[in-house]
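Down below are the structures I want you to see.
Two complexes are shown next, each including subunit A; its partner changes from subunit B in the first to subunit C in the second.
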Partner chain A sequence: MTERAGYLPGIAEADIEWQTLDFQRGNAALHVEVPVLDDAQMDALAVRVKLASRTILKALTVSEIVDITDRAIARLLDRNDPYRRKCEALLPLVTGYDAEMVRLGLTGYLKTFRKPNLQKFIAEDFANPKILDEFQPAPKGGFTKAIGPDLLVHVWAGNVPGLPLWSMVAGLLVKAGSIGKVPSGEPLFAGWFAQLLVEIEPRLTDCLAVVWWKGGDTAREDALLKQADTVLAYGGNESLTELRKHVPITTRYLPHGHKVSFGMVAGATLDTRKAAGVAQQAAYDVVRYDQQGCFSPHLFFVERGGRVSPREFTRYVAHALAGFESKYPRRELTIAEAGGIAAWRDAAETEALSHPDMEVIASETGTWCAVYSEDTTTLNPSGLNRTIRIVAVDALDDVAPLVAPFKAFLQTAGIAAPPEELHRLANVLGTAGVTRICALGNMTAPEAGWHHDGRFNLLDLISMVEIEQSAETAAETFAPYTD
Partner chain B sequence: MVYAQASANCPQPGPAIMNQAQIIEDLLAFIARDGADDDTFNAMALRVFGYQFEHNQPYRRFCQQRGRTARMVKDWRDIPAVPINAYKDLTLSCCAPEDAGAVFMTSGTTKDGLRGKCHHPDLRVYDASMKTHFRDRFMAGQTKMRIGIVFPDETMMPNSSLAHYLALAMREFGTPDSHSLIGPDGLDTNTLYAALDHAEATGEPYALLGATYSFVHLMDDMRESGRTAKLPAGSRILDTGGFKGQSRELEMDDFYNQLSATFGVPRSDCINMYGMTELSSEFYDNGNTVVPSVKSGPHWIRSRIINPLTGVELPRGDTGVIVHCDLAHFNCVSTILTEDAGIAVDDGFMLLGRVQGAEAKGCSMAVDAFLEAARG
Partner chain C sequence: MDFRGQTIIVTGASRGIGAAVAKAFAAEGGTVIVNYLKNAEAADRTVEACKTAGGDAQAMQADVNDRDAIQRMVDTVAEEFGRIDTVVNNAFRPYTFDPDNRKRFDELAWTDYRDQVDSALQSAYNLCHAVLPVMKKRATGSIVNVATDLVARAVVPYHEYTTAKSALVGFSRTLAAELGPLGIRVNCVAPGLVYPTDASRDTKEAVKDAIIEQTPLRRIATPEDVTGPVLFLASDWSRFMTGQTLYVDGGLVMG
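Let's turn to the complex of A and B:
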């Protein structure tokens, strides 16, 4: 089976050099052809998108853009739609994630981009969304308008299905022309979404493009980056640092590095009636996308003092992980990945030999592993891919100082705690660097309009244009009706 | 589901527990045999495992954690393999550590800098293993050769198994004019150049033995002085251990090409030895005309290629992680899970280097990056 990735307005497919990425899952093979543009093509593409961004996209109202996006999302939510069918059939093949997990994940994720959510998304950043369409009176006097970039370049990474949707929609809402570079781990979704948008609204034909280049191909990178007004990039800090070197100083650079997230369970939630449910939710956050998301838990802190002890809670989580394994099997791992988590598990097992307070619970086939530890002197990470460390603490208030050294890397904290505790903890966690607090079980599904890594998804993209009061006053003096 | 927990279960004595003198005697006899078929190897492996299960308490707990006891295991393939990293946390020794006649330590080149220790009550078995196999695989029918060692000696590195191995090679198989080429002041090029001249003039074969990275430094020095040699036929080179960040890294093909060009020894006579502090036996290839070469060991060590996560042995041709069962390493743990990737082939395995940690697939921080962040 062969599928072409990307979306390239104005370039004939025959003029493009295609490279094939092979994906093999068991007996199923998928060949994805990705476009390799030459400098002239990349240049022409950027010019085309910029022009369309200025003349077409900027002339649409935000409400029109919301409507178009909503219609595209509705199509993707319809399980009979050809695009949706392609997502369900091919994304599991490309990413290796369980098909049912991808299907459920997509639906849950796409739901957060329906019209009401898009409106919330905008309202989160703009008290008056009309500011994106025309100059609006400012409280301080004068008028302001928010203008999106002509060309927003996205550099996506990783293999979590559909991830590019966030920044693509953000770009659309601020009327930015977009060119996105898809990662080799999931090169398909972004191109499909672009094609679908254009199918729904042909005026958008030249307003966006989806390209690919091999990581480290700096010639290609430079050709595009030098044309960008704003660059939004995802990836590890090393590759983001490398990319930054190629972004002109006059270009806004918005990097989203890899993150660390964790969960917290208050003793008060661990009575015999609720503990199993909490453990189930914790395990669900581990299972979703095999902990590959920035919002996925690296570890759980569990408070002592509940009816169910942290050690028992670990066993509950292990039990839930075993249950999920039959329902949503883990992605098949490469030998390097298998080696990585085997080393993590083996190290924990060895440590447990001399630390009777530790406990290692693992499936015989290595499909998941839960490690219980009472060591709070160092923050030890999980091996990911369904390996989780659960640390007992005397009080959840002890957690913030533990995670604080990772301030630059913190993102989500999933919390199971009574209301008063939730708000108290939120305060200290926020100071420690956490930017998102959610319920356990929701860690991998941020709500619409969330502030990704604590930033403004839309405000970070736009520039404000102001008409100062002085201009207004001065203009009055030149009016034909002036006395 | 395996519930693994450190707990002191009731001891379950394995079959026919031996004492140290008996196991040493048995192993010396085993090494002296011509070979060992599957059953013979299996029987000896189970005896060694029984000995270790009885006398090595941390290993016993490890086995119990894996749900295995000496009594249950009937096949050497089922003996629990200890990850070599465990040597950093645990003292895995059958004899009391203070009774050990020799302690070899790992080089500590891993990122945490901790060094694992292997205790040996004495080195009779180690030395018998080394000598028997070295003679078969490196000496190529010669009884003695002039040997030059490109590695610090035992006095400089008393806890290095490699220093001991090389000293033993020189003592047992070297002519009286064999020599160490690395002294307290570093590389002794005068002695080396004299030896190269001597070999070229007399036609007497010369053997150079040392760490892979030492050869890189040596070749760099020789290139600076514009020096090469054309060693006579029968000369051989043995390198071991890889670059370990101690020298610049070369592709294996480039390394052997340079070695061959610098010393005039054909790549078929450049032998790579694969050994570890956590073993008492070594693997050799039959030259490095083609890399990666096929490595094989003597009849008292067997290796398997497994999926490290499931422990399942992989079919020939599949890349996995290497597990060794080295009966000569009787005082510590014979069956170890390495961090080396390999492929099983006819007559041995191909060594592909260290298993590389996986890159992050998504946007969650991978373990290595996490630890790096923790270090600041």
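Let's turn to the complex of A and C:
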């Protein structure tokens, strides 16, 4: 099976050099052809998108853009739609994730982009969304308008299915022309979404493009980056640092580096009725996308004092992981990944030799591993791919100081706690660097309009243009109707 | 079924159903702890039979009604073998199944009931208590409790025995509900009249014939008949079964 990735308006497919990425899952093979543009093609593409961004996209109202996006999402939610079918058939092959997990994950994810959610998304950043369409009176006097970049370049990373949707939609909502570079780990979704948008609204034909280049191909990168107004990039801190060197100083650079997320479980939630359910939710967060997301948990801090001890909680989590293994089998790992988790487990088992209070529970086939520890000084993150460390603490209030040294890397904290505790913890965690607090079981599904890494998804992209009151007043003096 | 590398404790395994179960596990490669109360000689014979069958076995004396003794036994097993995969609660106090001379309800003292509850239930309670911390560490394990088909059909009204075994079925279901989320399964095997065993030695031919007549498979159970369902419930083949009671009585009880 062969599938072409990308979306390249104005360039004939025959004029493009295609490179093939091979994905093999069991007996099924998928060949994804990715476009390799030359400098001139990349340059022309950027010029084309910028022009369309200025003349077409910026002339649409936000309401129109919301409607178009909503229609595209509706198509992707329809399981009989050809694009949706392609997603369900090919994304498991490309990413290796279990087909059921991809299917359910897509639906859960896509429905957060329906019209009401998009409206919330905008309202989160703009009290008056009309500010994206025309100058609006400002409380301080004068008028303001929010203007999106002509060219927003996205550099995506990772393999969580559909992840580029966040920034693509954010770009659309601020009327930015977009060129996105897909990662080799999941090169398909972004291109399909672009094609689908154009199918629904042909006026958008030149407003966006989806490209690819091999990691480290700085020539291609430079050709695009020098044209960008804003660059939104995802990935490891090393690649982001490297990328920053190629972004002109006049260009806004918005990096989203690797993050670490964790869970917290209050003793009050661990009674004999609720404990197994809380553990099930914790395990679900571990299982979803095999901890490949920035919002996936690496650690759980579990408070002592409940009817079910942190040690017992670990066992509940272990069995829940075993249960999920049959419902959502872990994706097939590369040799390096398999080696990585084997090493992680070996390290835990070695550590357990000198810490008799530790417990290492793992499936015989190595598909999951839960480690219980009472040592709060060794906060080794997980080995990914369904390996989790559960640390017992006397009080959840002890957690914030433990994670504070990793401030730059913190993102989500999934919390199971009574209301008062939730709010008290949120306060200290926020200061420690956590930017998102959610329920256990929801860690991998941020709600519409969330502030990714604590930032403003839309506000970060726009520039405000102001008509100061002085201009307005002065203009009055030049009015033809002046007495 | 393959029980190689697995450790199985069978209580009351020196004779009868327990011995047959021990041998059957050994024949599939398991390491069997042959628990017994008094008859060391019989226990040794079971151990020998287990080894001949191809598995490993060790006799361990412990009174299932003595909590400390059972704890010591489990500690020894855990230390020596590192894991306990299955526990078969089979031991029970001597009870004579004699339909002609059984006690009628008005002849029964409360202590008769209490003795049987201690026999069927306290023994299972003691061993489960001791073994669960070991099983929980691996988030897996199987507990098989030996009940009787009399709990479903009181062919002969052995009041105190059947009442206690009924309690064991309830005990098992409840434990199954609690331990399911930890990956540990609890099930019962409920045999019909098993012959020959020491307990059924005095059961009259007429009774056996009457039972045989009503049994679709037209015979009485042998100790070996009970082994298959016990091994099945211990094995991964029954991995999605818990809280169940399997009747092993040739179809006398259905459902």
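Simple rule for what comes next: the second predicted complex is superposed on the first by the 483 of 483 C-alpha atoms of A that agree within 3 Å, B and C clash if a C-alpha of one lies under 4 Å from a C-alpha of the other, contacts with A are read in each partner's own complex, and residues count from 1 in each chain.
What we mean here is this: contacts are C-beta pairs under 8 Å (C-beta built on N, C-alpha and C of every residue); 3 or more make two chains touch, one makes a residue touch a chain.
Predicted, not measured: the structure shown is a model, and the values here were computed from it.
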*Would you mind checking which one, subunit B or subunit C, touches more residues on subunit A?*
B
*Have a look at where A:384 lands relative to subunit B and subunit C in the superposition and call it first, second, both or neither.*
first
*Please indicate which partner A:44 is in contact with in the superposed arrangement: first for subunit B, second for subunit C, both, or neither.*
neither
*Look at A:279 in the shared chain and tell me whether it touches subunit B only, subunit C only, both, or neither; answer first, second, both or neither.*
second
*Contacts of A:258 with subunit B and subunit C, given as first, second, both or neither*: first
*First (subunit B), second (subunit C), both or neither: which does A:74 touch?*
neither
*Does subunit B (first) or subunit C (second) touch A:358, or do both, or does neither?*
first
*Based on the superposed arrangement, let me know which partner A:340 touches: subunit B (first), subunit C (second), both, or neither?*
first
*Could you look at A:448 and tell me whether it touches subunit B, subunit C, both or neither (first, second, both, neither)?*
neither
_With both complexes superposed on chain A, which partner does A:316 reach: first (subunit B), second (subunit C), both or neither?_
second
_Give me the intersection of subunit A's contacts with subunit B and its contacts with subunit C, in residue numbers._
318-319, 322, 359, 361
_Residues of subunit C touching subunit A in the complex_ = 136-140, 181-183
*Which of the residues in subunit B come into contact with subunit A in the complex?*
1-7, 58, 61-62, 65, 82-83, 85-86, 89-90, 307-311, 319-321, 337, 339, 341, 355-358, 360-367, 369-371, 373-374, 376
*What residues of subunit A sit close enough to touch subunit B in their complex?*
157-160, 163, 185, 234-237, 256, 258-261, 289, 291-294, 296, 298, 318-319, 322, 333-347, 349-356, 358-366, 378-379, 381-384, 405-406, 408-409
*Write out the stretch or stretches of subunit A touching subunit C in their complex.*
276, 279-280, 312, 315-316, 318-320, 322, 359, 361
